[in-house]
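Across the two complexes that follow, chain A remains constant while its partner is chain B and subsequently chain C.
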Partner chain A sequence: MSVFHIAWRELASILNTAVGWLVLAGFLVIAGFFWSSMVSFYVTQSTDLLTNPYAGAQMNLSDHLLAPYFGNVAVVLLMICPAISMRLFSEEVRQRTMELLLTAPVSTASIVAGKLLGALGFVALMLASTLHLPLTLMVWGSPDVGVLIGGYASLMLVSATILAMGMMFSAMTANQVVAVVLTFGSALVLWVLGWAGSGDGATAEVLTGLGLLDHVQGFLTGAVKLSDLVYFAAMIGFFSLATHQRVEGYRWR
Partner chain B sequence: MRAPYWVLGPAGAILLIAFGSAWLVLGGGPAVTGLGVAGGLCLVAWAWLDGDRITAFSESRGARHGSGALLVSALGAMVGVLAYAVAIDHDHTWDLTQDRRHTLADQSVVVAAGLDRDIKVYAFFREASAEEKAFVGLVDRLREHTGHLTVELVDPLRNPLMAEQYAITTDNGTVVLVSGDDRQRLEADFSEEALVAALVRLSSGASHRICWATGHGEAGADDDYEPTGYGAAVIKLEHHNYEVVPQAILTDGIDRGCEALVVAGPSSDWLPREREALAAYVAEGGRALVLIEAGAASELAVDLGRYGVDVRDDVVLESDPSRLIAQGDPSFLAFYGDAYALHPIVRDLQGMVGMRSVRSVGPAEGERPGLVVQEILSTSASSWGETGWRDPAVELIADGAERVGPVPVMVVVEVTDPAAIEVARSAAAPAVAMGEGVLGASGDEGALVPADLAPEAGGRLVVVGDADFASNQLISVGNNQDVFLNAVAWLVDEADQLGERPEADDAQALSLTVAQEVLMWLVSVLLVPLVAVVAAIIVMVRRRFL
Partner chain C sequence: MPILQVESLTRAYGATVAVRDVSFSVEEGEIVGFLGPNGAGKTSTMRVIAGSLGATQGRVIVGGFDVATQPAAVKRIVGYMPETPPLYVDMTVRSFLRFCARIKAVSDPAGAAERAMRRVGLSEVAHRVIDHLSKGYRQRVGLAAALVHDPRLLILDEPASGLDPKQRVEIRSLVQELAGGHVTVVLSTHVLPEVEQLCTRVIIVNRGRIVAQDRMEALSEPGRVVTVEVRRDAERLAAAIGALDGVTEVEALRPGALRVVGARDLREDVADLAAPFGILELTGRRGLEEAFLRLTRED
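Right, the complex of A and B next:
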């Protein structure tokens, strides 16, 4: 229960500030802009499809609208998640409430899990606020629900990974700016590793396997791979464990 | 002041990380080795020169906890890597899509698993394009079932030399499959069906020779435009490594080199000598697929009785709406579920077969030694074979003389003893060559029967009471193509070709009016974000004034 209590406290602390809602508003503007412009482009392409079926024979909503849209939103989350995670522990240290938290009758694991869940709850709220976009598509077209589920699952998993990494950096420094720069830089590296890994050979395979991009592609097309799930679980688990070790270190000081 | 020997530690660590990275990327060399040696030397020098400080730090409480934390984190990372490696080895994909886009068709799995030669796939796509991703996903799924398939992605714009070597003229996508000296090429269509067909063509060395009977008013085998033509069916056969050649029975008889004969919807009847030619062909172990429309080729239909097949002069009608494709047309039947018998041609079909104006085709009454006849496709219990279908005045209800459901419409025959098929030999001299003087030889039923007829067991026959299910108009309906291709595959003993084939993806057009687009933009870019902005203002006001 303490995990959810901490998660709720964390979520409430975000929603009780105007900045939290403005971040949400900004995200919705960007996601909405991506969506409406991509739908408009698809509609234009569909006109070609009607007059030249050969050209558009391979065109479908899943590959040419939903997957690119979710891919773009994932990049936006890459920038927003570090800003959400930067304050998870840095803020406690800065406000000198860390000692209070550590002396509370909760385990370090509960603190770490609760904070991660709280931040993830805010991302879930952000993503839930975009559900009306594909719902309108269901009125006007026939998108594949499986691809929609896969797309949202991928966004949650990418966010959870970046948040866990950001939480680790936040626990390592009292400076939120340092935390956000480290998180964003590392997330960017994880993202572009997939590009660096394009090509043949063991190196390319290792780099691609390490990067986020390759593990998102399957979800974006409605295919959930066991290896992708394990990758995200391993990444989230590792960063959470590292955070746990770091927070435990405060008890030794 | 002490010399800053501690610099050697981070420097050594950086050099060793650089060594590891360079070794991964470049794979060795003197410069890489030099990095490793330099990093190691730095660490040794640091330990030697700054030993007392290292010792003091290592004995501190923070260092003890820090090293413990590092160890636990490293162990956690190792567990993660191990779990990921195991997951890669035992990977499994859950397909969330409604049309099972990420699940290979049965036949594709069989083809991939049956590959016995290495095939390299050169995929020329624009880098990171949707087409490239979709194609790579498809190849990956096939590779889960074979170790003989490798793929190399090539962007023709970035690698013009290779594009030139493989004669790539577009960056919209071209796939070249290479196995030894053999090549197959895909352009425009990179679907599962097209790729698997290319694999089949590449992997099975020789193609099967299928003879297409002509001369009886059949719709064109080379006509892929008119709805009644069989051009689409022939193209699919050719994609699956069959060579389709026309066979004019009346003038040429039936070539012994035909691995199977397809008789697709004759509208005029076969002459007796042609029917004897067919009998001789089957008695010699030949294989034939006979698609016969209701009311057509009545003498051929009756003659099929010698193979133990009862082809009736009726049209099967259905009273159960759930078994009809077009409501209001009781002759346009949908076959699914229990309509399929346990036979390789139909047993793996998951979908529906659609046939229109089908005549009943079942095993003939009475035991026929030497012939094994099995009905493999039948209608529901609420159907019947309407014999009065030609007369508009006849009320369309089942009466006592008519065959009532389930009505068989497709049978297979296996000849275990060719003596069961009576073949009329030529009354003329035995040296009559195939087709020689046939047109003038009236009354000689055995004129097209080879003089050196050598009966042997193994003949096969598939008879369907409908022909247009394989026409251009209907072959793409449900599993129609599977029934047709499976029948040919079963006739030529191609077990790899049996199964349910992938369906082509449908393009999805999306049309919005200008008003709808404006509404979408207003809601998604303005209205919904505005709600969040209002919430931010409320929170700000509450925090400031309440």
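Right, the complex of A and C next:
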């Protein structure tokens, strides 16, 4: 239970600040801009293709609108998540409030899980506020619902991975700027690792496998592999465990 | 069985040993003063008891539970207020205390928060954001947070630090009230009058070790140190006092003023002897201060 109390407080503390609402509003504007420009591009493209009977059949909503849209939103989240996660622990250390959690009958695992869930809750709120965009497609088209669900699921998983990583860095330093820079840098590396796939050989394969991009693809094509799920579980699990060890270490400093 | 047992507790920070082989126990209902100069290891000891710091060596047993192996059970019966109370300043007093009650697994968090606010006199600021409160109120919020789960053992680290004299008195009477309600209190401070008024027992620590622990009356026997200022012939008076039974030290503070240290209450004898010399001032300093200074002297 205490996991949810901690998560709820974390979410409330983000929404208690003007910055929280500004981030939410900014995200809505950017997502809306991507959506409208991509929809109008899709419309012009498909109108052009009407005159080309061969290409017309190859254009569909999933591959030419939804997948690129989710890809773009993922990059935006890549930039926002480090800013959300940077304060998770460093703020507690700086304000000396960690003492409250450490002296409460709450396990370290609950603290870590609660913090991650709270931050993820804010991302869920951001994503939920954009739901109306793809839903308009339901009225004027017939998008693949599986891809829609997969798209949102992949965004949540990518966010959870970056938030967990950011949480780890936040537990390692009381300096939020250091935390945000380390998280953003590492997130960027995880993202571009996917481009290594253009090379060949075992190294390229391993690097691609480590990157986020490769594992997002399955969700956007509606072909989720078990390995993708294992990848995200392992990443989130690893960073959470590292955070757990670090927080346990607070008692031994 | 004592509510708190500390057995050969040692806590080191790297090469620095903050707490060295400290052992003591506290019985239910006591108010124990933890006294010592800054850096004596008071806070480290308290944090180990509260469970936010690990012990390098030794054991701490609270209410029959070992802090190291059953931390959750211990934390449910211990309330801890650090010197700077940990407060989420963006929350209102009420929502903060409800949060504290929830993570401390209280069955009725809302009710517990209201009770805690009534106990420490916060009801009128319940809806205010903690960030906008004065230092005195914040200290009370910290106390309420430590109390919200009705702990059996309350640990207060410098509960009145940074408060004005009026607020200090308020906090002091609050602690007294709590102790009347069968809460055991361990409080650290370096304000001696606070200890004298509140505590039933005193533990004096210096450089990580316990240098004395005794009942309040035994440590603070009045009149063991007397200062006297006379109008004339202070040297002759000094000689006369020095001949008294039980006097261990006579020292000239300034022309006309003497400081006398003895093994018993010397006020009457010194007054009798000094009367013919024209007494300007005579004070029987409380022995606790003397004991404290002597025991914690850096040498």
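Keep in mind that, in the parts below, the second predicted complex is superposed on the first by the 252 of 253 C-alpha atoms of A that agree within 3 Å, B and C clash if a C-alpha of one lies under 4 Å from a C-alpha of the other, contacts with A are read in each partner's own complex, and residues count from 1 in each chain.
Criterion: a residue touches a chain if its C-beta (ideal position, glycine included) is under 8 Å from a C-beta of that chain, and two chains touch if they have at least 3 such contacts.
All values reported here derive from a predicted model rather than from experimental measurement.
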Touched chain A residues, chain B compared with chain C: B
First (chain B), second (chain C), both or neither touched by A:Lys225: first
Contacts of A:Thr17 with chain B and chain C, given as first, second, both or neither: both
Contacts of A:Val75 with chain B and chain C, given as first, second, both or neither: neither
First, second, both or neither for A:Arg9, with chain B first and chain C second: second
Chain B versus chain C as contact partner of A:Gln95, first or second or both or neither: second
Chain B versus chain C as contact partner of A:Leu131, first or second or both or neither: neither
Touching partner for A:Thr103 - first (chain B), second (chain C), both, neither: second
Touching both chain B and chain C, residues of chain A: 16-17, 252-253
Touching residues (chain side chain A, partner chain B) in the complex: 15-22, 24-26, 28-29, 31-33, 35-36, 39-40, 42-43, 46-47, 49-50, 53-54, 56-65, 67-68, 129, 132-133, 136, 140-142, 144-147, 149-150, 198, 200, 202-203, 206, 209, 217-218, 221-227, 229-231, 233-235, 237-238, 241-242, 245-246, 248-249, 252-253
Chain A-facing residues of chain B, complex: 24-25, 27, 61-62, 65-66, 68-70, 72-73, 76-77, 79-81, 83-84, 86-88, 90-99, 101-102, 127, 130-131, 133-134, 137, 152-153, 188-190, 505-512, 516-517, 520-521, 523-526, 528-530, 532-533, 535-537, 539-540, 543
Residues on chain A engaged by chain C in the complex (per definition of touch): 1-2, 5-6, 9, 12-13, 16-17, 95-107, 250-253
Residues on chain C engaged by chain A in the complex (per definition of touch): 13, 47, 50-54, 71-73, 75-76, 78, 80, 82, 84, 86-91, 95, 99-100, 102-105, 145
